[in-house]
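Same chain, two partners: chain A is paired with chain B first, then with chain C.
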Partner chain A sequence: MLKGMTRLVSRVHKLDPGRFLHSGTQAPQCLVAHLDNQVPTESPRAISRTLENDPAKHGEQHVGQHYNISIQELKTVFPHGLPPRFVMQVKTFNEACLMVRKPALELLHYLKNTNFAHPAVRYVLYGEKGTGKTLSLCHIIHFCAKQDWLILHIPDAHLWVKNCRDLLQSTYNKQRFDQPLEASVWLKNFKTANERFLSQIKVQDKYVWNKRESTEKGSPLAEVVEQGIMRVRNATDAVGIVLKELKRQSSLGIFRLLVAVDGVNALWGRTTLKREDKSLIAPEELALIYNLRKMVKNDWQGGAIVLTVSQTGSLFKPRKAYLPQELLGKEGFDTLDPFIPILVSNYNPKEFEACIQYYLENSWLQHEKEEGKKELLFLSNRNPGLLERLCAYL
Partner chain B sequence: MAAPTVKVALGWSGLGLGVRRAALRLPGLVQVRWSRYGPEYQDPQTDKEYYRKPLAQLTEEETYERELRKTQVIKAAPATKTCSVFEDPVISKFTNMMMKGGNKILARSLMTQTLEAVKRKQFEKYHAASAEEQATIERNPYTIFHQALKNCEPVIGLVPILKGGHFYQVPVPLADRRRRFLAMKWMITECREKKPRRMLMPEKLSQELLEAFYNRGPVIKRKHDMHKMAEANRALAHYRWW
Partner chain C sequence: MRSTCQILRLKHSPAVTTKKNVAALRRESYTVDFIKKQIEEFNIGKRHLANMMGEDPETFTQEDIDRAITYLFPSGLFEKRARPIMKHPEEIFPKQRAIQWGEDGRPFHFLFYTGKQSYYSLMHEAYGKVLHVEERQDQLRAKGLFSEKPKTKDPIGSRWLIKEELEEMLVEKLSDQDYAQFIRLLERLSALPCDAAEEEFVGRFRRTVTVQSKKHLIEPLQYDEQGMAFSTGRGKRKTANAEAVVHGHGSGKIEINGVDYLLYFPVTQDREQLMFPFHFLDRLGKHDVTCTVSGGGRSSQAGAIRLAVARALCSFITEDEVEWMRQAGLLTTDPRVRERKKPGQEGARRKFTWKKR
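Up next is the complex of A and B:
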């Protein structure tokens, strides 16, 4: 009955029917604002928000519109992985709104039509600095979390190849190095994101940590994760075990696995980490990187691999490089080949308008002037990152 | 633009090229801070609206002015003066005062980070406040900045005057530009000197600006101290001869 009424109302007002179905805390002001604005004239003010908060239902008609993610969901789905400026924005506005954009929609379409019997397909999001690769990845992760997939999200692989204070020689393999801090932090966030799966998945091997502790075969994965968090020395090995088990068991069909790595070009680049004798360490000598490389190969079924290549945070790559070939290098490109590249570009005029509208609605942009909009357009060249930084102080 | 003050020094009164013949000419004094532009040079007009006016709509004075400008020599516009909607002369002046060693990029980035910090703090307050208070909370960083500096401007200042071999601090009315300068100078010195070691300038500046906006904080205190000194020395007001 509600649907019928809403369809009638929408036909009267010639509006999108999906608009009225959700009633969040934002809805009353939004609805009123949009009804007031849209009944007289449709075109002058771009529509910046949509009430459709489920990524699965996002379509072409939602391009350029912001959808809301509740703060509780944000804490569970994204304990890590959001860009720092976005986190600041969420804190300032008291709401998390993500813009629906074409690259993300394209990826969503592919993910909805994945055949889980086939090996995992690799998708690489690439683009210039500030165009929105990380936030598109977050959109995909939100979709997969809503669809109850297991999310394996590495927020920034570059952090694992630089500025590591304590490098230990790996207990498992003498040639490799452990990174206890990074591994334990990641395990904590992984646990927050995927609590419900950790008790369901059972380990298929016995793992001996040291003389007194071991994990028996058939115990839940949560134990391995706990062990990694408690004993920071074994954290890297715990991460390796988690990755191995998930890869093995995703083909069985109990869960669907999404491997999301931001800055995957770090896996095949150079590191700035040195041994005690000041000789450089290659990325494959780091246990975390070694295990992650195995994860990113497409020799497993039952999920998808979504990657981002970024120059920000990368080591020894020129500033203007953004293509996968340039950033991944020969080795990385050959390993990832074949993959589906998805270009994330600057905003188109409609998205730009919507972004400005969103800032104006939140009173973030305090100077509302037509000339000002043209100036922002010129200064930012419709680059989302630049626009956000420009609007921050205006 | 107001006529610039003539910066003079005692000494040889040789007049070089381009020395501005300003109204204030004290005998035996020569200018030290002077511009390469002579008095005939006009200031550039950076207002886009001035040029957008169609010729038919101009009044007689305006057409005369336009014709006159065609014959005059005009100074080059400085790089920091734009016809941007967001440009603010007060903020530009403050940025220049914050600048050290010509590092305008750093000064400007500090300024923008300060404005952003001010905005974020006000937004936090806004979201924490009730509906009635929300109407009173100002979130525009530019208005907060202007109001804070206005609140810091002293009304009356002290000038050392030599009389009978001693320097007396004489209360003196200050010109507008001197007051603005003092407010900005006090704000910057306060933030530079009283800042905790690991705190960054934008955070400290934003804190001080917000305090000054609400008429409290160390810069306002300094202004009040200046007023009190002036009040205390009001007996010496007769030493002023201008």
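Up next is the complex of A and C:
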């Protein structure tokens, strides 16, 4: 074990965290290329990094390895959507590394072979708490962004059904409710993620906002988004328009659309929002949820729908529920049927080793000891979320 | 029946006086006749009890009496000494000294005026024996038949009397220095080569000590259909009961009531409790556990499973490791239970808020 430690110490000295930020793929070359070359001799120690930073080229051989995403890409592709603990980790380590895992690879394979003439296929990532559904979704989004798809990413649908301070009666439809704050925040992030598309896509209808403002037919989508961001009262309607236009136009083939929703079981669950007379609001009565439901139906072509069901933010669901049937409820399951379920499970031994190696390389774990590893294995039972939380305390 | 009731009633009646008298705090002295009468009544009561239980009065031992009393007077009191007992009056009434002087006022014992007559007479006797043994040794050496016999004494298994026990035996108060002096003298005597009489004398002042861990029975390993070894254990903590089946040659999986332990115990502290026996024996990823648990709360269920797992693991390990586990406290049932709430107080210990007026 001592020789392991001395080797690690020399490795840590060679690593300079600042270098990752600026030179992206080149910095770890001296070290990681060394590791990659030594694949046959270093078999007892799992390799935790790979130089392959393009998700399109990830394959079976990269399972368990971390690949780097540069900080600029992070800002453009993921203005929202990364789990908060991961964001903290990125800030601490000064680099964003995602692990390549089997469920994500499977999904990538399906996405690469999609037939865009057929209706959009729905994929549902499900699994127990902390197994990595959200990060797998982020991996897929990164792939699609690299492939120049239009990303429609709702980071957490649960945020839209609870804790809303201001609910307005919708201007478009009197029965529904608006959520100006959430809608405007989402529009801002959507704009950051898909700047280049917004000027290309043209609106196909005329939309009148109020007596003075309206959007003409043929104007770019960016105007609608701007309107939503500036006039917060109309933000929800702006979101609805964006969704409608994107759905209509993706079938034409100008661009490919990826709809990624995290926590899709919120769309069919219950809400904790109440009207002024303290009566509960059903999810359909929220304009955002109503439009999103239309988006998730597979009556359009030219893209894919990737969804995640999670119990973590859900309302009124038991802690141990993780299957889509339990979390979506009957209504949701019938609406989403047929879909392709993909199970995300805990790490296998190789991935666990790789994760520990990654933490060691970043000096997050100070000492490498066999007993310590066994303890971590036992306490977390190879659950990624739990392992991360445990390592934070050690 | 009446006499047994009498004995019990007499045992329980304290010396109650209405006025607070210092004289009442003095130890009650029982006369010899009184004690004799109590013994008679006890024997008669013993025969009655044997009759009641349908056993033979001639062969009715003290254990039978205890069993009969626990059957006839079941008590839920936690303090064992507060439960009803029926024992020989010698054990109940404290030993008293008979009057030490005759009618003329002259004491019987020659050491009466030392104050601690029995203690000094004992020391005198012991020292006399020491001198006797040394004299015998000198004689043997003079004759040339002296042989250095190594003294074999069992180091563990017996201990000297403690001061309280000696005081009880001599019916006299002793000081610590007296006690230390006495023990030193006995050690000196036992170090010399003694014959049977002296050994018996020394033996009167030694008590046996039972080795704790030998009480614990280790079940042998059982083997299931595939030939894999497994072992069961039970554990309790507060109101939780757990039964665990530990398989050898596993991969560290633990299943509780059909659910994985990660889902059953989301709190890290509970999982650490489960980890303790394995981590202690350095067998973290080597066993599979299947267990059922019911009752109690989250923490007590974890403690109950820990005890059950530790007991089951005893079959897989050596005797030394069992002893280490026992010393680590892994094999003892935690006796702490919820204390009852008392009237006049808000909780078990918490009193009501004190108001000055």
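Keep in mind that, in the parts below, the second predicted complex is superposed on the first by the 356 of 394 C-alpha atoms of A that agree within 3 Å, B and C clash if a C-alpha of one lies under 4 Å from a C-alpha of the other, contacts with A are read in each partner's own complex, and residues count from 1 in each chain.
Everything below uses one rule, namely that a residue touches a chain if its C-beta (ideal position, glycine included) is under 8 Å from a C-beta of that chain, and two chains touch if they have at least 3 such contacts.
If you're wondering where the values come from, they're calculated on a predicted model, not measured in any experiment.
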item	value
Touching partner for A:128 - first (chain B), second (chain C), both, neither	second
Partner chain(s) touched by A:383 [first = chain B, second = chain C, both, neither]	second
Chain B versus chain C as contact partner of A:320, first or second or both or neither	second
First, second, both or neither for A:92, with chain B first and chain C second	first
Touched partner set for A:329, first chain B, second chain C, both or neither	neither
Which of chain B and chain C A:375 touches, first, second, both or neither	both
First, second, both or neither for A:341, with chain B first and chain C second	neither
Interface residues of chain A shared between complexes with chain B and chain C	371, 375
Residue ranges of chain B touching chain A (in the complex, touch as defined)	84-86, 111-113, 115-116, 119-120, 123-124, 127, 139-142
Footprint of chain C on chain A - complex, ascending	128, 319-320, 371, 374-375, 377-381, 383, 386, 390
Complex interface listing, chain C residues touching chain A	252, 259-263, 266, 268, 271-272, 275, 278-279, 282, 284-285
In the complex with chain B, residue positions of chain A that touch it	88, 92-94, 363-364, 366-367, 369, 371-372, 375, 392-394
